[in-house]
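Worksheet: one structure, shown below.
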């Protein structure tokens, strides 16, 4: 079993995504990456054996990303 | 490699979740942009939710839907954390919705959502105008 | 200006370093604590032993819902879900209130059409197919809450997404159906009220709040009532969640168009 | 019908405001005033029912209400003893009074804007009532979320500065809630149950393990943020200052206290406080509150704005409650609870008066409070009573909580706490008597044309012309306040009731101690 | 009289001024001036009758006691009319009647602003004073002590100008800080001794703890009394409070506030800590020497003061320390002398202050140097001033003489001859700072031109409303001089109190 545990890999990926979001300058790309984060968290929940929570996380992840993107039109897109 | 796997399987997952949680909190504290603080807040809440779910996990337990084959308590994963975490996810959506609404009002009033600009504008503010309240 | 900027940058970098060091210390501390937690997945750890056995063994018979999570969610801890739907309703009302301190102009989907060429051929054909499927799927998820995966929140969110797609892509010109935020908040209030009503009916009929045996409908045996109770709750949650998400979207989008940037 | 109400009292008290909040949007579709009146009616009924419940608890002792008919460890349970019953009466009373108090702020407002405030306020009352009466740990988290969210919304309604302070409160508040959730996760990992009573049985053997320690630490931080205990109070001054004037009394008076009550319930009713493991955390809470008492009072002395002075004094006063929790004796706990009750009345009375002054004169800077007592005698009398009670002048409520705290500290031999109590009440005296000087001796009389009432009148007049409907004359006009009473009757009612509450809580606190006695003696 | 009658009188004595204060505050501005004044006078007379009707019962030894309500866990708001309390109550109630008449005249004559607040605060002060006299335990005592402090503040800052504000702040700093120290000490006493009820001879026994702790707690608590009684290091708020109108100074220095401070020292020394405990822990010694120093120093300072009211203020600081000295001698005679000196000083000092007020209102003179030959214009006032100042100095046939003699007797009993010397020296010093005033008024050679016009024919006397109370107080003082037991049997009460504390023996 050469590879690491699935959950560990996904968690490492999540940590990587968080670091990218923190360092990213473009807010639109941060929002899109956040959608990827949410998707990845959904897969993690399925691995842990929680399909209900995964379903909700998928749906709610999409909706909160829509909010972020839509509200970007008012707030400025580039951050310092 | 399996020694690492065993360690990971038992405690490693917790450690990585803790890293994710504090990274989210660190992101909230450090990022100057308010929008990014909101995103990091959501990440932090996802980390808490995942930590809760790990508590209820059982080796060899299937998803908590009662099937004919499995009958005993050891065959299913503990359903309680899942029920609780549904609530936590919905709460996190509500909070980020309200946060975004506040963000839009801040952008209109202060012209930017960067921490430094807002602090400068806030200091420049003379006595707060009395009646802009709802 | 550059001096000020570099000073601020120096401040920020110092601040960042201190933050990272603090992060390291905290994470290290937490590692020692997390060691003492029960090993992930061992069946006889405290949480897996005490209360969850009851849920797993008696759960399906008592609540007549094979999906244990919905059983716990809607029946054993039904009050939590009522409060959670109230949180959603509260979020909807507060977003509507916070973004409402401007004169109202009803927005239209134009803000999307003007920017990108949305009117593409594919969109016109695919959307009418896709939206009804989502709505049917949403009702499936709602009805099957107890049997397989699904439940109120997921169904509500799916309906809200179907509504979003409809608003974005469908041609609104034809029908003049205006949805104001006040209306969607009232729909959300009705959704949560359905949930509250279910509990209240049980109370009036002599049982405790949300005790489904005491529902005033006739049924052969108790478990039947549980199923109806859970279904009523799920519909309440669905309506509440759907309406709230639409309210928040409307408020956020409407604010955009009022900024004159659309 | 009546035995249905009696048997389901705990639920009705908590959920009636929720029902009010749900009816308000629908009813206000038809008529603006009807929407507001439903919320007031429901809050009033909830207050009456909570009084009935208190009477029932004084003779029954404890009530436990199982939701959905499930036994406690499996279902959710409301466990009420005399301690929570008294707090329920206090919260529903203050809530009911503040719903009435906010009526004048919404004269002539659009249908949409007025119902929103009222349903959020009603949900805040429901959240606070739920937090006090719940016996389930996760249920407490959801009620905490309802309280915080409605707090964010009500602070955001207090104008543009309110929006900024609400956003900062949202950030720190969510961190606090996540810490509390992590605390629940750790405790659930150790004991496996979510019911407080059941958990107190299971947590005994596990008390020494590292995880329970961390859980306690997270509870302290989580509740510390929510109740603005000293080092974690960053969000509080701006939030209380810029909150909506109608909701500020409820937010400043009660919203800061209920998490303190929850912390008290956790440390004394779940983890028994006499073991040395819990002792460590209580010492930390004691140090935090002692420093907070000094820091809060010193900062309050430097403020010029009336509301921010009151906000900083709230940091000091919540320190009193933390001190009571840290003293842990019978009198220490009794002092903490009596101070929760006394201080929430004092603080809401002061914020009622500050809102009234703002309504009539639009003034918040204390220098410009000169000679207002000539035109607003009742409000200034209420300010004097509340301020004297905060300083700790005997016959009023503030003195007796200080008396019990000092007595508890003396019994426990912690004389440093008595010293801190004395210093803090002297610092209180400094800024409150400076307020009296400003009010009674300054010459610059505030002019009546800048008040919120005048502002509303102008807007209502413009709106009336736009809709060409005859403009109904309001007491507050452009030139100043013309009403027969000094402030609108709804506000005057709130000011008088809270001032009377302070006096009665002072004189009859022995009876209050008798009612609270059994609940507190149980854990000491 | 039946028991319920007594407790009814007791309760009404405390509630009447409070009710009057509230009525005046609520109704004062909307009703005619005379009606408001009538309320004050009515309340004053009613309270006086209540207090004086208690006298016969307490004389016989039946102490009327009353528990109003349970105020804190295990503690009650309870009143008890014992002999020490009766003395202070009778002084306060009788002088309130006199001062009310006087202040009506003063206020009308001087055309003061916000009089409603003045009369309401006045009534509040009296309610505090009554509560302090009749309190049966330390907690009730502290409650009314703080009420007295808070309701005196509006009187001190009556003129609401910057001078008034600063003297108000100084007053508050002294009284509130010492009040909180008293509170801390009281908590410690209750925590260790379990009860707070006053018992003659004292109930405090910190078993086992060393002397220094008892001394510390005693000094902590007695500071509250010492501040109000103006013992030297803590006295400076008293001259600063001279900014207030004269009837307020009269009230401050003769009727309520300062006497409450002295009474607090009496309650602490004789009824809480008790002579034995204090003798052992040297607490009374410290206070004794402080009082002695105060007596001498304040008289010296008084001589330099040219402002009449400042001079009288420092004379009060000195006279009050007589009382503190008498009590701290820890001998029956000392205590009796101290008690009676309270009476003597009250009546004489209030006459002096009324004269000063009359001079200020009619002749608009505050400084002694401008009063050369004022006797020609206001002979009656100045005659009263001279008589009262002789009384203060201890002239025989005036109450001052009897109380000084008893305190000297007490000093001899306590074996402290140095205090006899101090008393004699202070008597001479008080002559030194009071007689020059009357000398200037009458026998002064360079009469100021404005008084030349006045002669035996036409006089510019003060208004009747001020003169009559002034003469009434002086008459009472003279009568007290001849018959110490006139009216409210002050001397018998003093002896009864001393015997109850020291177990018999004068």
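Order of writing sets the labels: A, B, C, D and E. Residues in every chain begin at 1.
Note that in this section contacts are C-beta pairs under 8 Å (C-beta built on N, C-alpha and C of every residue); 3 or more make two chains touch, one makes a residue touch a chain.
Fair warning: this is a prediction, and the values are worked out from it, not measured in the lab.
Q: What is the shortest path, in steps, from chain A to chain D when you may only step between chains that touch?
A: Counted as steps through touching chains, the separation is 2.
Q: Please name the chain that ends up farthest from chain A once chain centres are defined by their CA atoms averaged.
A: The most distant chain relative to chain A turns out to be E.
Q: Which chain wins if you rank chains by how close their C-alpha centre is to the centre of all protein C-alpha atoms?
A: So the chain sitting closest to the middle is D.
Q: Take the average of all CA coordinates in chain B, do the same for chain D, and state the distance between these two points in whole angstrom.
A: About 28 Å, centre to centre.
Q: Distance-wise, how many Å sit between the C-alpha centres of chain B and chain E, to the nearest whole number?
A: About 69 Å separates the centre of chain B from that of chain E.
Q: As a quick test, compute the distance in whole Å between the mean CA positions of chain A and chain B.
A: Distance between chain centres, rounded to whole Å: 11 Å.
Q: Give, as an integer number of Å, the spacing between the C-alpha centres of chain E and chain D.
A: 44
Q: Tell me, which residues of chain B touch at least two other chains?
A: If we look for residues of chain B contacting two or more partner chains, we find 9, 13, 19, 23, 26, 30, 32, 34, 54-55, 57-58, 61, 64, 80-82, 84, 86-87, 89-91, 93-95, 97-98, 100-105, 108, 116, 132, 134.
Q: What are the residue numbers in chain D that touch two or more other chains?
A: As it turns out, chain D has residues touching two or more other chains at 113, 117, 138, 142, 145, 149, 152-153, 156-157, 163, 188-189, 194.
Q: Let me know each pair of chains that touch one another.
A: Here the touching chain pairs work out to A-B, A-C, B-C, B-D, C-D, D-E.
Q: Which stretch or stretches of chain E touch chain D in the complex?
A: It comes out as residues 69-73, 139, 142-144, 146-147, 150, 153-154, 157, 160-161, 164-165, 168-169, 172, 176-177, 180-181, 183-184, 187-188, 190-192.
Q: Flag every residue of chain B that touches chain A in the complex, lowest number first.
A: Residues 1-2, 4-5, 8-9, 12-13, 16-17, 19-20, 23-24, 26-27, 30-36, 38-40, 42-43, 46, 49-50, 53-54, 57-58, 61-64, 77, 81-82, 85-86, 89-90, 92-93, 96-97, 100, 103-104, 107-108, 112-114, 116.
Q: Sort out for me which residues of chain D touch chain B in the complex.
A: Counting only chain D, the residues touching chain B are 109, 113, 117, 138, 142, 145, 149, 152-153, 156-164, 166-167, 170-171, 174-175, 177-178, 181-182, 185, 188-189, 194, 242, 244-245, 358, 362, 365, 450, 452, 455.
Q: Chain B touches which residues of chain A in the complex?
A: Against chain B, chain A makes touches at 1-2, 4-5, 7-8, 11-12, 14-15, 18-19, 21-22, 24, 27, 30-31, 34, 37-38, 41, 44-45, 48-53, 56-57, 60, 63-64, 67-68, 71-72, 74-76, 79-80.
Q: Across the complex, what residues on chain C touch chain B?
A: So the residues of chain C touching chain B come out as 8, 12, 15-16, 19-20, 23, 26-27, 30-31, 34-35, 37-43, 45, 47-48, 51-53, 55-57, 59-60, 66-69, 71-73, 76-77, 80-81, 83-84, 87-88, 90-92, 94-95, 97-99, 101, 148-149, 151, 153, 241, 248, 251-252, 255, 259.
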